[in-house]
Amino acid sequence: MNVIVELEKPLLELESKIEGLKRLNETQRVDFSVEIRALEAKANQLKAEIFGNLTPWQRVHLARHPRRPLALDYITALDGFTELHGDRTFRDDPAIVAGFAYLSGMPVYVLGEQKGRDTKENLYRNFGMPHPEGYRKAQRIMKLAEKFRRPLLTFVDTPGAYPGIGAEERGQSQAIAACLQLLAGLRTPIVVNVTGEGGSGGALGIALGDHIIMLQHAWYSVASPEAAASILWSDATKADEAAKRLRLTSEELSEFGIIDEVVAEPLGGAHHDTQDVIRRILDADKRAVRRLMRLPTDELIDRRYEKYRKIGAHTELLHGRAAR
Amino acid sequence: MAPTPNWLRRRGARPEAASDALWDICPHCNERLYKKDLAELLWVCPKCGHNFRISALDRISLLADGDFREVAEDLMTGDPLQWTDRVSYVTKTAGDRTKSGLMEAILTGFCAIDGVAVGLGVMDFAFRGGTMGSVVGEKVTLLIEECGRRRLPAVVVCASGGARMEEGMVALMQMAKTSAAVARFAELGLPFITVLTDPTTGGVSASYGFQADVIIAESGAAIGFAGRRVIDQTIRQKLPDGFQSSEFLLEHGQVDMVVRRADLKPTLGRVLRFFAARLAAVPA
Amino acid sequence: MAPTPNWLRRRGARPEAASDALWDICPHCNERLYKKDLAELLWVCPKCGHNFRISALDRISLLADGDFREVAEDLMTGDPLQWTDRVSYVTKTAGDRTKSGLMEAILTGFCAIDGVAVGLGVMDFAFRGGTMGSVVGEKVTLLIEECGRRRLPAVVVCASGGARMEEGMVALMQMAKTSAAVARFAELGLPFITVLTDPTTGGVSASYGFQADVIIAESGAAIGFAGRRVIDQTIRQKLPDGFQSSEFLLEHGQVDMVVRRADLKPTLGRVLRFFAARLAAVPA
Amino acid sequence: MNVIVELEKPLLELESKIEGLKRLNETQRVDFSVEIRALEAKANQLKAEIFGNLTPWQRVHLARHPRRPLALDYITALDGFTELHGDRTFRDDPAIVAGFAYLSGMPVYVLGEQKGRDTKENLYRNFGMPHPEGYRKAQRIMKLAEKFRRPLLTFVDTPGAYPGIGAEERGQSQAIAACLQLLAGLRTPIVVNVTGEGGSGGALGIALGDHIIMLQHAWYSVASPEAAASILWSDATKADEAAKRLRLTSEELSEFGIIDEVVAEPLGGAHHDTQDVIRRILDADKRAVRRLMRLPTDELIDRRYEKYRKIGAHTELLHGRAAR
């Protein structure tokens, strides 16, 4: 069960009560506005109590909230999204959506890791966990973006690349590795949006870029808290502990210089005002794309190289490079 | 046992013996093996052919012709997350340094393999399970960059459980950093060769491990993206025979060849000679 | 029925009616359809959605905004093998010319699709089963070369049984010739789009058909390398449901989208507008 | 049954009789040299009768002779052949062998379509009929050849690309099409050897190059005679008829300008002197590679384009281009 959904319940009850009173207010002669105001104050207080001080583990659940905007919510908010399918080799992987669209009139290619909204859709989307063919479809789109010199926009939201038999047989490692090599040298601007879950290498496969934007309550980690707890302590139930230690929040990752820009969410999370959050993300994308498109391509690639080149924490450095 | 090469004697540090026992048990066939014989046997079980996991130092002895000039040898990891669980990350890595005789999970340097000058990186599973943190990422990157400057082939022998948890996203970003180094190196038209040994998984297999021009798997190694336990827990069904073995990967088109430990040096030599040969040197 | 466009009236030639019957039978659902209605229905069965195979002329009417300026229209095939079986190749192609009102199995020219200027090639199954011989290869190559000079997107609507037997290796070499043209065009950074219609197989699918930046399949088309009969004879086992259909190919990652005939023009327009838009035209 | 194997039988009997006499001659006191010479004369006469005037259909069988040298026979005759495996995506296809070697000291990449010598090996090699993953392995080798600027040598010997369910599912068309596009623009010399069967698109997938060599009794055709007969007349038994009409012999294809060089075979076919045939082929390769390596790359690519650009037979030509 999602802990945020549990926490939210009293708030949702209160809000539905307020809605009821508002309807009464409109249809009946009696004036409930005083009561409504009182309840609204209480609701705001409750919201602040619930969401004002979330633990990292609670924030992981916020990023998994069933009503959180998904990759396609952002992508379809672009103008004229047209989906392109398939890796030309094995299968079309619905866990990665790909295509092209316009960002405020600018032609862009888009990639997104896509979960489902319900069980049926989640089975179809494999809960947003791509297979190698998904990363190979992504490579096809990356190459198109480079060939036609259009910026690439990616939307990251995956628990991780799928760990299954077929995925291993068809080279999950190779598929992600090839994405990374391709993105590192791609001669066109890449803007990355981490909007939900940033699960390890499966996220990074479409998240190496020039400008990395992260939604406030998204998480991005070397491993999911459950996987990390399992790897470190052979005990997946210690995920809350792992979530705290992994430094997977947008604030911490900003401090590390791994995230370039954090887009704020309304109190309670993105699903409390989906349209506003989408608008904020796309605004940030637009600013980033415009800025990056002004750079000569060689400089763009050099800057991208330096951006990743300097990430590390080591104490004795060759060539006099400064340590973190 | 072969005499200790100069570079190794110069290096001084040697791993502590894991135990004082005179015998090792082959984990594959349970054969009792006299420890002193194992080095002569290249740490291969004479009964079943099982490759024992070996240290980076031993691997370099197996591959390098003579001298190995180590670089970036003093690089030591920081503690970007200020990590503590049962013990602190700082304590863990200090223990690994003592136990393994290494500063980190990889040694990098320059040497000749079967007569061909190369940059060589060798990972060591004994240090934090060969996981990639800042130092592994940095040393691989420095090695590849330096090979680019010297126009030498780069060879990395992988042995890794993936990205290092205790360095969190700083560790994951080493996948991006090393990939960027490989991408630049590839644009220079220089050859990059990896040898995947037991085990090569996660962040290392999903970055430079599988980005090479030629990928050689040592026989019987476990190679994959996800660990077996994770897969078991996710799909809860029987895994195919030999799943994630070198031979399985060859059949599935993921590696160029599977090579026994004894053949590794001559095979690398053959590949390197071909890839390193200058067209100009060819008779017209 | 839509009025005959100017370019078509100018063209003069029209195919002979295959029969005088007023009715056609849908081969998919057996519905009897009044022939005169079919054009209005875009030659799509109103009961089951089956796409009737249509002539290149009709296809161009469906796609081109207004004028279609045909090029290389007089190109006529030679007889490189001096082929004769029951009748000579020369006789066969003469018959096809009369029957189809076409000089060959493809029409090429320049037009606008939904407002975007393009080079457009449209194959016609009625001429030797849409097979590719010298003329199809030459016209596709000329079209792509001319698109390169004019910096226009190239669009080819495929319908083909493969390479033309009666031109032997000269036909097979058209795969190489057109591939070379596509390779050059790709290096110019110009967009190439194919539409695969029923049927697209053999030498056309294994060359330019699958070399496009965006590959659109018309719904319900049969698309593949080998013909069903050959596969049946080779493997002698039941073929999966929908084998080699557009929808099957989409699922197997081979095409970008499956589009109904009615949506083809707007979809092509959308794709072309995106690919043809100049970055310079974008507001900063 | 292979018609050549049938035709050869009396010759083989005679040759074994001669061998027997020769052994007797060495071990016994009696002198059989007169008889031997007479039988040898008869054998030569028989050979000339059998092989002097083969029909195209018989020559197709000669190209399928069970003892004809196969791709690996040529490839392993190069120095230091090292095999490289796999498409990095799905499977290693044994119907296409790939790797690198030295041709008289020159580093070259090699590709070959490989049949088996016996049933077991043929099942493993799928009778030399590649799947899409074979063509994708080939693409990997082509890209290596280009990256490291080494010539590419290919050995063509396939009845055709495999027509099966998996092959179609994984995009046989796309795989071959991608090979053709890659070869057309590959910035390194490509020398092609058609040594056995040149079956349609499955052969062409590794046969687009700068210099096309064909063994005298190899065949190369738009379709196998059986397939053509089946397509044209719905009657595969008319393959002999099709073989004649398709103009699939080295002499005819030379006339068409589709083959650049024919390497002669001994009377009776390549298997009558395998080592000599291999040497002739590799000599031709060496000459071609040396000549092509002297060309600047842009000129190499331009010539390759023109080579294919001019193949065709049409009577009314735009731009005043000369018709065949």
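As written, the chain order gives the labels A, B, C and D, with residue 1 at the start of each chain.
One rule holds in what follows: contacts are C-beta pairs under 8 Å (C-beta built on N, C-alpha and C of every residue); 3 or more make two chains touch, one makes a residue touch a chain.
Not measured: the values here are computed from a predicted model.
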item	value
Chain A and chain C, separation of their C-alpha mean positions in angstrom	42
Rounded Å distance, chain C centre to chain D centre (Cα mean)	33
Centre-of-Cα separation between chain D and chain A, whole angstrom	53
Residue numbers of chain D (touch at least two other chains)	88-90, 169-171, 174, 178
Two or more partner chains touched - positions in chain C	186, 210, 252-254
Topology of the chain contact graph, where touching chains are joined (line, ring, star, complete, other)	other
Complete list of chain pairs which touch one another	A-B, A-C, A-D, B-D, C-D
Chain D contact footprint on chain B (complex, rising order)	186, 189, 191, 210, 213-214, 250-257, 267, 270-271, 274-275, 277, 279, 282-284
Chain A residues touching chain C - in the complex, by the definition given at the top	80, 82-93, 100, 102, 104-107, 133, 137, 144, 147-150, 290, 293-294
Of chain D, residues touching chain C in the complex	161-165, 167-174, 176-178, 180-185, 200-201, 204-205, 208, 220-223, 227-228, 230-233, 241, 245-248, 253, 256, 258, 304-305, 308-309, 311-318, 323-324
Complex contact set, residues of chain A against chain D	88-90, 132, 136, 169-171, 174, 178
Contact footprint of chain D on chain C as seen in their complex	71-72, 74-81, 83-85, 133-135, 137-138, 141-142, 163-165, 167-177, 179-184, 186-187, 201-203, 205-211, 223-227, 229-231, 233-235, 237, 239-240, 243-244, 248, 252-254
